[in-house]
Amino acid sequence: MKTIKCIGVLTSGGDASGMNAAIRAVTRSAICNGFKVKGIYRGYEGLINGEVKELTTQDVSSVIQRGGTMLKTARSAEFQTVEGRKKAYDTMQREGIDALVIIGGNGSITGARIFAEEYDVPCIGLPGTIDNDLYGTDFTIGYDTALNTIVECVDKIRDTATSHDRIFFVEVMGRDAGFLAQNSAIASGAEAAIIPEDRTDVDQLEKFIGRGFRKTKNSSIVIVSESPKDGGAMHYAERVKKEYPQYDVRVTILGHLQRGGSPSAYDRILASRLGAGAIDAILEGQRNVMIGIHNDEVVYVPFSEAIKKDKPLDKSLIKVLDELSI
Amino acid sequence: MKTIKCIGVLTSGGDASGMNAAIRAVTRSAICNGFKVKGIYRGYEGLINGEVKELTTQDVSSVIQRGGTMLKTARSAEFQTVEGRKKAYDTMQREGIDALVIIGGNGSITGARIFAEEYDVPCIGLPGTIDNDLYGTDFTIGYDTALNTIVECVDKIRDTATSHDRIFFVEVMGRDAGFLAQNSAIASGAEAAIIPEDRTDVDQLEKFIGRGFRKTKNSSIVIVSESPKDGGAMHYAERVKKEYPQYDVRVTILGHLQRGGSPSAYDRILASRLGAGAIDAILEGQRNVMIGIHNDEVVYVPFSEAIKKDKPLDKSLIKVLDELSI
Amino acid sequence: MKTIKCIGVLTSGGDASGMNAAIRAVTRSAICNGFKVKGIYRGYEGLINGEVKELTTQDVSSVIQRGGTMLKTARSAEFQTVEGRKKAYDTMQREGIDALVIIGGNGSITGARIFAEEYDVPCIGLPGTIDNDLYGTDFTIGYDTALNTIVECVDKIRDTATSHDRIFFVEVMGRDAGFLAQNSAIASGAEAAIIPEDRTDVDQLEKFIGRGFRKTKNSSIVIVSESPKDGGAMHYAERVKKEYPQYDVRVTILGHLQRGGSPSAYDRILASRLGAGAIDAILEGQRNVMIGIHNDEVVYVPFSEAIKKDKPLDKSLIKVLDELSI
Amino acid sequence: MKTIKCIGVLTSGGDASGMNAAIRAVTRSAICNGFKVKGIYRGYEGLINGEVKELTTQDVSSVIQRGGTMLKTARSAEFQTVEGRKKAYDTMQREGIDALVIIGGNGSITGARIFAEEYDVPCIGLPGTIDNDLYGTDFTIGYDTALNTIVECVDKIRDTATSHDRIFFVEVMGRDAGFLAQNSAIASGAEAAIIPEDRTDVDQLEKFIGRGFRKTKNSSIVIVSESPKDGGAMHYAERVKKEYPQYDVRVTILGHLQRGGSPSAYDRILASRLGAGAIDAILEGQRNVMIGIHNDEVVYVPFSEAIKKDKPLDKSLIKVLDELSI
């Protein structure tokens, strides 16, 4: 295997808060261990187009507290083609990049896996997505921040829900995974959560309404995972409005504000540990693994495993939500 | 004129952060000056239905920092009828309430005005609305908090806009008044604001696009006042998408989270001053005036004036926004 | 064993954010499972003095988002005496309280253990302390919130440190445990942490200064755990000032603001799970155990174990901090 | 008078949140009006030492939301000497800087005034200080942010004060002006404020204690302006502890975290308006004036006036605080 002298780092897919902390950690830990570091802009697009710039320890000063990603990010259709990946490899050759650290979600790790197989390039993945849906890691970078952002928003919405005796359906991100919805429901004291893993539409509604919330409560909040298929919060609100016209029902779709903002303490620490862990992995000769956190310890998860399996929701939390929203 | 011994206080219309601080100020200042205080729940609805409870200084402990309104609020169709107002007056007689302090917006002050004329009841208004659209007061209770909430949200959205090189249309409240949109645009460094006072649709779009934002900027944020008439942010986003399919355009509608949350320092101080001012006004024999702030001094504004005139936007701010978003 | 019908709940020792969420969870989960719940005010003091009040599901509405503890808390010298504990037991008899849930730190759990042995009272502990220093649980209620509060404060201090090219020594809580100091240092991008577990005074200073921070950095932040013994941040600042008079050195002692504030999403979820877990434990006939979280699962930790052992810091984090602060 | 082609901008004295927004506004408004802009680092020190760099519109992108000052700041002893100011003037000549915009407090404006007199250099001042103590402007850049920061901190401290039935003395900045102390006391619902304008030590204490706070309240918060002369919060706490040993008295000194943090909406708007106003003033041929805000309009205040007079506190606010803290 070729000696690794220069490490490239990029962020890919949807941005998540803490990506900058991860870039900082990868950069500083790499330099600390004698590597050169090159930042690649706009994810795989930039790798294809040669948008590359060397990173020094100073370049990543004062970014740990910033949302978004200083390297920018994109989804790349071209990287899904053989030609695209060839160009990407050419850039690496030209720039002298010997290994790649990819910070992103499911799609980004999948891309890295294919690329690594085709070109024998050592790739290390870091789980960066607010959805928390990567297998093999307890948490992903950005999830805790998004969760706190949602909870702060729902706290605000509860003020107005209570003042007006209203039912609010609040839509949050996570179209394929209910982590954000379920946990923000518990944390905000919501009355129910409607999640993709258990979208038994009618039953949920029945359960919620059947529980007769107006007997003990004047206002209610239901957290709903976004769902392009069934229409999400708007859909459920319409149903309730139709069946119970006496209720004052409102919808708020939190949208993209869930992605940004200064990362939480946990996300900064997680990103720092995983970023340093990526360099440790390279030093140990690891390749084609995602750096994850499991039982508060840094672990290496083969790409194939990280993207193959669905990460299960903890069902015991549903019981907690049900009991505590009485 | 009858001696005033007991003052009723209520919140009406849309809730605004700082209403609790105003209730606290009215209650404590009144008690401090020898009055009894009764809280009326759910605005004029509660006055009609007799939802009344005496308030002590302890009852308003630890509410200054809370969003929403502890007295709840509602819009009352019944109070717009002669019969409704008769019932409201009966409640006052029965409860021994000699004067009313109404915290609310345009509609609430209008209701107070009619009621005061019909029944010779001393009414004092406090401007409580996030829209800042009451004439005679420089600021309304809740406006500064809503402005800060919007700006914090747009800061988060900017993180993701920048990371992805996107154009965001962010819709904020204020369907009849552009204070929130214009000022949040300046404060968040947005590229443009589309406001009800100047909704020259096409021109704005032309101006925005024509300015050729892609020459100097990769991402952009446009703040749009909600508008049931023309469709608001969604409408403008669709137009831009159609004309410029090469841009990645997104929409976020902030919705009701703009109403809640712990009030800003300014709103707490304003609510405290105006609440104490309401009791001063009663002691001075004032009636049927709204307590406002003008040039940082408490002023009395006759109801007729507060609701009659449109409060003008400061046009110089448009120039500031234009210059600083280059 | 007597059938348990009524459960008493109290908070004891230093307050921690999330205690209200825990009280809510205990109360609602207990009622949900058919128990009666009584709240005991001011910790063991209130148990001794009979400050007891029944709690309904409504009483714990809208407290999940509030800092502090609605049941108030205290340290009780009297409960450390045989007579004091006798009075406490008498209150339980009189009030018909069959089991106790104690939310607090090391001292509170120790008190529960002695009491449980003397009077055969089923006691369940919940780890509530910002210091995170209870053995057998990965996290304690309040720790994540305090960590975030510290990090937000240090972000602000960094703004001024950078603007003025200053060195700041920031003192945080945790006189016996360095979790807060070490992790807030990583999360805030601080240059060093001085912690009780490794207070090799001179070495640390040498290391910090010797690293020649002025070669690459104009400003620096050092996080110091409070220490009544050696004087904490003030002590270290004085030493640096004396040795390096050319540096502009400042101190900020964060103090009690670290305790309060709305709990983070994580602390709310943790408190909810542990509170519900306490009732599960009672239903299963458990007694004299602390409910903890380990590997993201609820676990039962015998009192003797929770208080006997020191919880170790993860030494790998020191390496992370060192590498990333270059 | 020489035609102005290039404008220099610097920040001086203690940093204040919103200074970056002001730098951005000055830069963009200047460029928009055809000027070249040069940023001067570290205040007058940098002017003396030639630390100068041209600023483009891009250089001030994404700084509106950041605390501190991107141009750094310092207090300069050398600028108080004839020689120092000579060097500063030489830098201006060498760099082709025709006019200066100085963002800072009392001392910085005083320096500008002397310099402008000696060298016939057009100087424009912007009031940037958290203390709000410049005459001729209703508000200074940074004051509203600091006020909100204090209030958020006191909200947290109140959680713990209430939970433990304690009296807290919280020390805030403003050694010569009580704006921060008095207004944060009103906004946080504190029981008293001890301010430099009315530091009738014993009377205040008597008043506070004499009011017999323990009759109606279990906890209390007193806001104290820092005071190197009399010892500030620590001093008052010691007195109360001595006279009333039965009370549990604590002190928190907020310190430098009051300076930093993302600016509030108001401070960003104020800084934007005043920064644009500085360029308007230059276009109008104004010189040696501070740009202020009065009755929500931009005004020009001659340097001599801005620094000569003490800005008075609104005494009516003392009455508000007294009435509302019952």
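A, B, C and D are the chain letters, set down in written order, and residue numbers restart from 1 in every chain.
Simple rule for what comes next: a residue touches a chain if its C-beta (ideal position, glycine included) is under 8 Å from a C-beta of that chain, and two chains touch if they have at least 3 such contacts.
Computed from a predicted structure; not experimentally measured.
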Legend entry - Length of the line joining the C-alpha centres of subunit A and subunit D, rounded to whole Å: 39
Inset, instruction - Take the average of all CA coordinates in subunit A, do the same for subunit C, and state the distance between these two points in whole angstrom. - result: 29
Inset, instruction - Give me the residues of subunit C that touch two or more other chains. - result: 155, 158, 162
Inset, instruction - Name the graph shape formed by the protein chains and their touching pairs; answer line, ring, star, complete or other. - result: ring
Legend entry - Chains grouped in pairs wherever the two touch, ordered by label: A-B, A-C, B-D, C-D
Inset, instruction - Enumerate the contact residues on subunit C facing subunit D in the complex. - result: 11, 15, 17, 19, 42, 66-69, 72-74, 149, 153, 155-165, 168, 250-261
Inset, instruction - Could you pull out which subunit A residues touch subunit C in their complex? - result: 24-25, 28-29, 31-33, 57-58, 61-62, 64-65, 138, 144, 147-148, 150-151, 155, 158, 162, 183-184, 186-189, 216, 262, 264-266, 268-269, 272-273, 275-276, 295-296, 298, 314, 316-317, 319-320, 323-326
